[in-house]
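Both complexes below contain chain A, partnered by chain B and then by chain C.
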Partner chain A sequence: MDGYLDISQTRVRYGDAEILKGIDLSVRKGEFVALLGASGCGKTTLLRTIAGFNTPTHGRISIGGRDVTRQPPDKRGMALVFQSYALWPHMTVDQNIGYGLKLRRVDPATARQRVDEMKGLLGLQMLGQRKPAELSGGQRQRVALGRALAISPDILLLDEPLSNLDARIRLTVRHEISALQRRLGITAVHVTHDREEAMVMADRIVIMNGGEIAQTGTPQQVYNQPNSDFVAAFMGAENVVEIEVNAVWNSLEIGEGPHNRAALINRGERPIVSGKAIARFRSEAVEMKSAGEPALSGRNALVLHGTVVQVSYPGGLWRHVVHLGEVSLIVDSQTRFDEGAAVEIAVPEAALYIFPRH
Partner chain B sequence: MNATMIDLKWIPRALGLGLLAFAIFGPLTNLVLWAVAEKWYFPHALPLQYGFSYWVSVFSPRGNATTSLTMSVIIACLTVVFSIGLAIPAGYALARLKLPFRGAILLVLLIPQAFPNLPVYVNIARLFYQIGLNGTVVGVVLVHVTHGLVYAVWIATAAFSAIDRELEEAARSMGASALRTFRDVTLPIAAPGLLASAVFVFLESLDEFTGTYFVGAPDISTLPLLLYTAGSGGNYQIASITALILLLPSIGFMLVIERFLRADVLSKVGR
Partner chain C sequence: MPIPLLGLLLVMPALVIVLLLFIVPLVSSITGAFSVDGRFGFANFQKAFELYSSDIVFTIVIVSLSALLIALLSIAIGGYLTLGSNPRAVAILRWLYRWPLFVPFIVVGQILRTFLAKNGLMNSMLMQLGILTPMQTTSFLDWRGIVIAFVWKQTPFVTLLLAGAMASLDRSMIESARNLGASRLRILIEIILPQVLPTLLVGLILSFVTMMSVLSVPLMINAQSPTMLTASMAFRINAYGDYGVANALGVISLLTTSLVAWVYLRQTMREHR
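Coming up: the complex of A and B.
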């Protein structure tokens, strides 16, 4: 492994439950990695294990070749930004940011300069003498970040630092944090359950499920080439249709079903699947037409037919709920189709994710 | 017309409040009157003569009040130091570590309070007599500590439990050792709760009578003992003055507690 932060075969237990079931992850120096997953998937446990607050029962964690698996949190040279910010209520903003420097016995003049520099970087200049209780949510978040950055940590760990902010502030802070991380060249591990947040901020996304890593890759990779049904669903391909497929050379034959036409598509990067399968696709990645119009081609696309039961306008595109017998799909379209209209939906092969059905 | 009807409804409430006020302030007024009465006997409703001559004699070098007051304060301070000194580590351990029998430990501290005081103190007195602690300040302080430790440990446990663990973890993450974290983060945040428990222990010690009587008397005399002697001797002026002296710190400290013991700490007491 050529990583800076190396995690190998790490397992963590809480009582009888195994929360992490053998994690292998390598983070390069200066890289921004997002741990993405639903609540309870073990992403926060992994972050706390990296920080030293959980001891793995098995495995090894090293930073730049130095084994830190058994080291206490204060010896690891990392800084953790908590979801609750965990600012010390009895200290002012200056004291909070300067605490790490005080611990490192930095001389007071240099420390003050560094604290001012952090405040300048984060737009907290006027707030040095305030206590955390006198700050807004966004300001507290920046103080927490400043406190972590002041000590120039080897690795910055972020535990859902944006989840307590208003939606509007969150969008700007996302970009501020990733810009700051790039400017300072810090290695960062960021935990989030927000897919878009991970996509926008991270160089690489690690999707976790049930204490294991489901997929690792760049935002484009995990979005466009999900390797499992779970990842496809988590990355927003929520529409599911059951199909029959047959792999022939580099093509996949999709048999005619009660709600779909027979189709032939390129296999591409997909794993070979034959027999019962499920197809997933995103609501905006399709083309929809009235059933009466000239038929859509079954070449390089899966064509489904159903009935519109509900129409709404969330902005941009019209959103339709389409029923295919028992199956309910959500389909976005430029044009509006009336409720009750019979429609045909074509899912292009590039937007179609096919996995075996068990 | 309508207005008078509403006014009439206030009468029972006003009467009730008046009775309540009398029940609370009546004895206190009596106490204050006795403290400044020179001459007062049946059947007169009010003292016949007012003055401060008893105050002078209480605080005169020959009077026992000054020595008793000093002794009371010394014992109370030592009790606070001992109790809080024990309660800080004990409370932290009970609040933070996964101790087995945590509830049982908290309950054990209640035991001295659960049994009737007299047999407990008689036995302590007998035990202390054997090892020569009877009639010493240390003996009395130990008795007061068994009493005060309940408040101290229970409130300290609550004060430490009320602190978000992440505040400590944040300090560890910034590079502080466990001890440094306790000193810089845990202790300052728990301080108001600890101060409140110290005040409780101080007041309990100042008021304590039974244990002091059995273990301390006659060598150690505290204000409650003086009050008892004066009261049983029919000297109501001395008794009232002593009672007033005892009352002052109680009122003062109650105001302190009201300020410092926050709801989030109180809600964790005994958890």
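Coming up: the complex of A and C.
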């Protein structure tokens, strides 16, 4: 592997439960990787294993070719920012940021300079003498970041560092952290359960499910080309309809069903699927029309017909709950359709994710 | 009946019990210390200081020294319970350290009397191991015995409080220090201890007051002079029926513990502010 941080075949157990079931991941120097997944998927365990707080039962972790699998946390050249920030309440901001330098026996003058530098970088200049209890959530988060960065780590590990912040502050801090990471050119691994946060911050996203990696790729790749039903659903394609498909050369024939018309679409990058399948799509990626208007074409799109049962306005687009028999979909549209209206929904082939149904 | 009167009636039984069983005896004991042949005077205190000033110093030194040793041991045990890397050793220690809590002081005195005597178990074990010869053995049944008994009995109590406080700290505070490269000892001293200091102080103060009031241990272990104030007070009453000097010694003991209690109160006031 050509990566800087290499994780191969790594397995971790807690008692009887295997939390990580063979992880292979390679992170390039200077790259920002987000580990994304629902709670319990093993993303935090993977981060803690990289940091050295969990010991794998199998596998190997190396940094720049140096095997660190059995090394204690402090010998790995990594700094971890904890979800709870884990600031020491009895120390001032300066003491918190400078503690790693003190442990490294950096001489006091140089250490003070470094602490000032960190405070300047993070906008904490005026707060050096405060204790953590006197800081706001955002300020604490920045102190935790400063404490981690002060020791100039090779790799910065972030364990849901934004989850304790107010929604509005979170949006700005996201950009602050990724700008800082690019400016310092530091390698970063970021754990989050927030899809948008991962999309905005990371160069590459690793989606985890049940202790395994479900998909790895750039934000565009995992968003537009999900490789599994799980990833498609996790990335927001929540609408599901069951269809029958038949792969013919580079096309997929979709057979007429109780709620959809027959259609022919390009196979594109999709795996070959024939027989029972499920189709997923996002609520905003479709076109909706009244059933009475000229019919939508079944070419390069899947056309569904149903009835609007609920309308709401979350802002920007109208949100409709559309029933296709038992199946309930959420469809966004520029125009409003009344409750009870019969509608046709066209899902363009680029927005349609098809996976075999088991 | 008006509400305030009803309320008063409801607290009355408790109030009466506190008054009769606590306030009245305490006040009578304090006034007794200042009563010389039925009149107010300081003669009891004069006599107490003449006869027992070495006992007063002895008591304060013994109890303070014990408190210091208890602090060190409970920090060490609590620290190992929190930071120890060998789960089995931690489990054994956790199971073992509380036992002395359930042994009464008099039994502690008895156990240590047979253990620490010149021909006691400790010396005979040391002789069997060839570390001591019979000529070199000495009895520990003096001030050292009292300190050992107090530390033996009170360390688990302080450790129980301290280990609880340590365990309730956010684990990630310890991990973040480990992550930055702090050794276990540094984490204990620089990260954990400053945060559990109020709890340690409370444990030590409660132990201080307990040790000040133990009669059985000095009687069992230290049958000589100087001894602890409790033994002197008992002697004053049992041998001479001299309640005046005994009361004066009691007031001196009370002032010592009050000083410590004042530190405790100031500490809790600061915490609740």
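Odds and ends about this structure:
As a convention for this text, the second predicted complex is superposed on the first by the 358 of 358 C-alpha atoms of A that agree within 3 Å, B and C clash if a C-alpha of one lies under 4 Å from a C-alpha of the other, contacts with A are read in each partner's own complex, and residues count from 1 in each chain.
Here, a contact is a pair of C-beta atoms (placed from the backbone, for glycine too) under 8 Å apart; a residue touches a chain by one contact, two chains touch by 3 or more.
Fair warning: this is a prediction, and the values are worked out from it, not measured in the lab.
Considered on the superposed chain A, chain B and chain C are sterically incompatible, since they clash.
Once the two complexes are laid over each other on the shared chain, residue contacts for A:Ala291 go to neither chain B nor chain C.
Once the two complexes are overlaid on the shared chain, A:Ala179 sits clear of chain B and of chain C alike.
By the touch criterion defined above, A:Leu80 lies against chain B and chain C together after alignment on the C-alpha atoms of chain A. Look at A:Ala262: by the touch rule set out above, it reaches neither chain B nor chain C.
The intersection of chain A residues touching chain B with those touching chain C, taken from the two complexes, comprises 51, 53, 72-74, 78-80, 82, 84, 86-90, 99-100, 103-104, 147, 151. Within the complex, the chain A residues that touch chain B are 51-53, 72-74, 77-80, 82, 84, 86-90, 99-100, 103-104, 147-148, 151, 157. Of all the residues in chain B, the ones that touch chain A in their complex are 164, 166-167, 169-178, 180, 184-185, 188-189. Only residues 51, 53, 72-74, 78-80, 82-84, 86-90, 99-100, 103-104, 147, 151 of chain A touch chain C when the two sit together in their complex. Within the complex formed with chain A, the residues of chain C that make contact are 170, 172-173, 175-182, 186, 191, 194-195.
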